[in-house]
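Two complexes follow with chain A in common, the first pairing it with chain B and the second with chain C.
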Partner chain A sequence: MTDQAGEQPVRSERAGDVAVVYAGEYLNKLSGERVERECRRRLEEGCRALVLDFRQTGMVNSIGVSILLGVIDAAERAGASVVFSAVQHQAAQVFEMLGLTRHVRIAKNRTDALAQIANSAAVGVAPNKTK
Partner chain B sequence: MSNEIPLQRSPHRRILGRVAPDLFLGRSDALAGIASLAPHASGPRGLLVLAAPAAGASELLRQAYDKFFQQHGAASPIYFQWSRNDRTVALAARRFLHTFLAQLVAHRRDDPSFVNAPPPLRDLIDLADPSDYEWIERVVEAFERARDRADERALVHLCLSAPQLAAARGARSLILFDDVHSVDKLKGEVNLGIEIAQVAVHAEVPFVLSGLRRGLLDTLNGGDSPTRFDSFTTINLETLADPDARTLVDRLAYARRVTLNEQTRDLIAQQFDGSPFYVSAFMQAAKRTGVELTSFLNCQKLYVDELMGGRANRRFNAILEEIAPVLTTRRALVRVLHDSAVNAGGKSPAEAWRRRLELEPEQLYPVMNALHTHELASFNATFMEISANPVWRDYLKASYRLQVAAEPRALVVAETLLETLKRAPQTMARHYRRASALGLRELLERFDAQRVPASLLHNDRFSRAYRGADTEEAGAGLDAETDLIRLPQVVHAASCESFHLAMRQVCDEERCAVAHGFDAMPYADANEIVWIAAEIEGKMEIGRALTEVWCDRLPQVANACGFRRVRLWLVSPEGFTAEAAELLNERDVFSSSRRQLELLTARLSPEGLIGEGASPEPPDEFEMVIPMGGDTELIAAHTVEQIARRLKFMPEAINQIKTALVEACINASEHSLSPDRKIYQRFRVESDRLVVTVSSRGVRIPTAAQQGQNSNGHDPVGESAGRRGWGLKLIRTLMDEVEFERVDDGTRLRMTKFLPR
Partner chain C sequence: MPTAETAKLIHAFAALADLGEEIAATRDFDQMVRSTLHVVLGALGIRRGAVAECDAAAGELRFVAAWGMGDDAPASLSFDPRLLEESLRDSADPAHFFERHLKSNFRAELERLKVGLVVPLVVHGELVGAIMLGGKATEEAFTPEEREVVATMARHIGVGIYNHRLLREVERRAQENRKLYEDLRAVYRNTVRAFAIAIDCKDKYTQGHSERVGKYTEIIARELGWGEEEVDDIAIGGYLHDVGKLIVDRDIINAPYKIDAKQSSELNRHPAAGFEILSPLHQIDDVIPTVARYHHERIDGRGYPEGLTGEQIPLCAKIVSAADAFDAMTTDRTYKRRKEFPEVVEDFRKTTGKQFAPEVVVALFSAILKEVDGETRERRFARLLGRDYLQPDLYRPLIVELLAELGQGERAAAETA
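This part shows the complex of A and B:
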């Protein structure tokens, strides 16, 4: 983990109409805002679902989490679903404590997340939990 | 350094105390000793306080007075400071009677205003409690008769017996006599010291008799049949121990709003040798002048100012004026003192003093005795030895140059400043070296004829048997050893320097000790032995060449001191090389490493037996300062992770601690207008917990009430105002105890995580 995680660009990719966005090693204000900007860009492109992948994220803080809530709100307004994948232990603890897990689905990894989204689309249900 | 010791609210009114109780440190045992005195109790009837100069004995008695004044229905505290300013025995006795009655009436009326401004004697009769009216009136009338008759002896007896008379009428008191040694200076036919001793021992009233340790007993024990203080206990009041002195500096800085840092704090504590008087005077001067004590230069500038014209200067001036009231004699005295101080060892023959001061023996003796009593010099019948106290030496040198050599003041100030500034790092280095010494003298004192495994005193054997073994394993091995050494019964231990001054040139006083004792019974010449133990500094094993130097040096010391049977013991932190060990064995010199010493110490300590699993205390506190911003909280998180792992916290708990610390750092950065943009962290390891303290200077973060807004159990998501206040909620959830401490400038958050049982 670098100490200047926020300076790294946010990596993302498209899998059909699903965008997979990879969070960096440390999710704080700066890196959270970059993730948020990337997510909004993907939603504007017309993506119908977002997978936020945390495989590299060893540490999140409360400001980063509050920004993720903004992402969830934006996705909801766009009618898109959000799935968190590969959430590491520290991040999972914080998401749980701050109630984030009530608003998104958690997948073991990226593949599992994409499968969850595909299944939800097949049965016509949005994968986001009800607020 | 932000001042980290918030003062507690004073538990009682200050009447005579000159400092708040929070600033009165390191004297709880002495206060308890005074508190143990109670009339009609089976415990001690009195207390002798033998005080070092400037150790704060007067303040001890004043604090005790204030404490006891609050206890209604208990004995009335009476504080009286004997003073040479009374000039005569009769006047001093009269002032005591007046003080006694005023303070007694004040306590019984619960009106402390009489203590500092006593009404006239006659008025006290009317102000007295009705139950006291009659006896006080009789005492006052008897006093007036004795005064009018000019019968000094009767007057002194009457005044000193007032507490006993009061007690007989049900008015109990506790008498706190301060500066008792100064009654020697009062003129009169009656020996007041003896009278005080008689009253204190025979009256059914508890007395505390306090004075300078080199003068008090001489004052009380005059005459043909010295008073026996069998029913008294004794307190030796020294200057403050180093931790108390440092705390005092911190607290005074906080109370006086003086900025200082840890380096200057330690320098102040060291430079004044823990004297509460000098430390208080210095911090008061810092407040008065507005000097920031953030550098050695600023500290030493202020120190020189104090030396030249502050309270330190006035104190020494007053003592010298008392000793030599005539200016020419005083100037000659300064010259002789200075010349003696620059002699090797600070010594000079008493006869030389007599000649140079041009005083007759009967005039010289009081001068030497007074210097001795005030511990400015030691008078040893044939020679005088000037005290090594650095403040006194600095004062003496500056006074000599100004008053005797008539050098320009600017030159003296400049050179004194240069000198003290050069000395400051040496003072601290000396302190650090002293603190790191292994404590050989204390260890020798605990030998007490015990038997210990021989390998603890043979470094080569120990290395062969226990290198790489953990403490438990080594302890078990030592328990199984059959080759034991019987340590001597040590009857006296002191630094080697005390016996042989030349040792000062080669090692610190703490690092070489001499112990006299017996290595077998009975107490006979044949069994008498002297152990000389020396600690050789070194980061690695000591080699043969250096070992040889010490193996030659210590027998020379023994020879010079006339020690007949000697056992030599060399100690080095990392032990000795194989070649050095050979030499040590050839010369029959014991040898140990720091680890052996720790194991030996544990064996000699009743509460620290190595076989029961005790081990040396691990380092227990870590400190870290990080700049705000740049994700530096991650560095803090990595650090605390390492510390928590050492404590064997579970991974989940480690994550919780890391998250809480990251949030605390963010809080510190976000919620303060920190002037230095720094976050101060302290990680304290205790047996069952990790305590993390995060502090920063600047504007405070929200109060506890405001913090509670996010901990009301509501779902935080969706509360628009709540999203950026989750940090504190997280911290409270993740840690077992969370506490905000108010500090003057900034915020301090203390978080505790307990180890699972």
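This part shows the complex of A and C:
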């Protein structure tokens, strides 16, 4: 999916009412804003859960973190849950340190993320609350 | 493997580097503030926040960027500007005013926005804004070290806002100066026009001649691709080209008969006299006295006052010379009706390369052709010559033919060279 002419595309896909959005190699202002726009677009489409896949993401800077917090906030306002999947070590450390992991669930990979969402839907777990 | 504290420190340092880059590299003010807010939030994992710019005179904290506040963020928060003035009288530090008055003034609003930490942005003793932060994603309180990180970042953001303000002020003043300059240019042009009218008053047969020559000159120069300021200068040269006539006896200028050699010699002094009048005026461009001096020179050397030939004649004088002749041919005089357009074309065909420079004549008739073909919005020739003078259906072929002939002539000359 390309959201703006001339910009690097943000890959995303739908799996039922779940959207999987793939972050790029470096999550900074430019790429972060593209991911954010794509997430908001998917929420507006009516997705009930977002999977943010970080399999390619080696680095996340401060602006990237802030933008992800905004995505979490937007999902909460829309009543949707957020799962971070395939988070690499360095990014995982940053997310843990800054408390993002308190507001999202963590999955090993995309399949695991979709399974977690399916399970929580089956047992009626409130979105994003893992504490 | 770094400890958690070291990892936080490294992340904060990296964020400081991001902050410097955003402040230095982002020209758009709102975008710069939005990015710096992101850096602060992302440095400490803060979920919501805003940056407001202070307008001390209006008593307003205007929200420039807000994040994670949904629709809650107001456009601005107002305060009594007199309070700030009074506070600054008591203490030079506006941070005191901020702590003493604004925080309590806005308490309810800050609670509604779930803002827990407010830091004033103070630069050179001036309150330039404030940064307002909500809670951290960890849901823990800010540590003293984190407050120090925020304070450090706030200083940088304050400087960024302060510098952008300075830039805006410089741009505003530059715009004011441009406007002042434009106004002065307009006064200058109008004064020159008035002076041109005064020159023409001396010659009862050529009312409005100088002004029209100025206008034709402007058209030709523009057609030749001259820049705006150069066009302005040469147009003024056109308006003032006959200023030297002020020293010529009115009876000679207005003689209804062929003047004798002595009178002719007197009349022919006007280009040199014009140069003498204009050249001491150091504020005007050199082109203006040059035009006055050489507008009666001819390419073939039979002109006056110096009998220059070809390239010896400055281009500005060649332009005004053609404009001067075009107006003389196309306006009625008491003793002579104006020529019809085909005659004008024929005159220029015969005299180009002898009296007039081909490139100038090409520019003049190209401009006419553009107007005839409706390529220009302004119908300047129609206004100067009268609506019915240029009859496109009849005369367009004549113009095209003349231009083709002059174009071929130029090519042939180039080939020979």
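Structure notes:
Just so we're on the same page, the second predicted complex is superposed on the first by the 121 of 131 C-alpha atoms of A that agree within 3 Å, B and C clash if a C-alpha of one lies under 4 Å from a C-alpha of the other, contacts with A are read in each partner's own complex, and residues count from 1 in each chain.
Heads up, the rule we're going with is that contacts are C-beta pairs under 8 Å (C-beta built on N, C-alpha and C of every residue); 3 or more make two chains touch, one makes a residue touch a chain.
Since we're looking at a predicted model, the values are computed, not measured.
Residue contacts after overlaying the shared chain place A:Ala115 against neither chain B nor chain C. Touch criterion met: A:Tyr26 reaches chain B, while chain C stays clear of it.
With both structures placed on the common chain, the touch criterion links A:Gln93 to chain B and to chain C.
Shared-chain residue A:Gly64: touches chain C; no touch with chain B. Judged by the touch definition given at the top, the superposed model places A:Arg102 against both chain B and chain C. According to the touch criterion, the shared surface of chain A, contacted by chain B in one complex and chain C in the other, consists of residues 61-63, 65-66, 69, 93-94, 97-100, 102-103.
Interface of chain C with chain A (complex): residues 4, 7-8, 11, 14-15, 18, 22, 35, 37-48, 67-68, 70, 136-140. By the touch criterion stated above, chain A contacts chain C in their complex at residues 29, 61-67, 69-70, 72-73, 77, 93-94, 97-100, 102-103. Partner chain B is touched in their complex by these residues of chain A: 1, 3-6, 26, 28, 59, 61-63, 65-66, 69, 89-90, 93-94, 97-100, 102-103, 131. Of all residues in chain B, only 630-635, 637, 651-652, 655-656, 658-659, 662-663, 666, 715-718, 723-724, 726-727, 729-730, 733-734 touch chain A in the complex they form.
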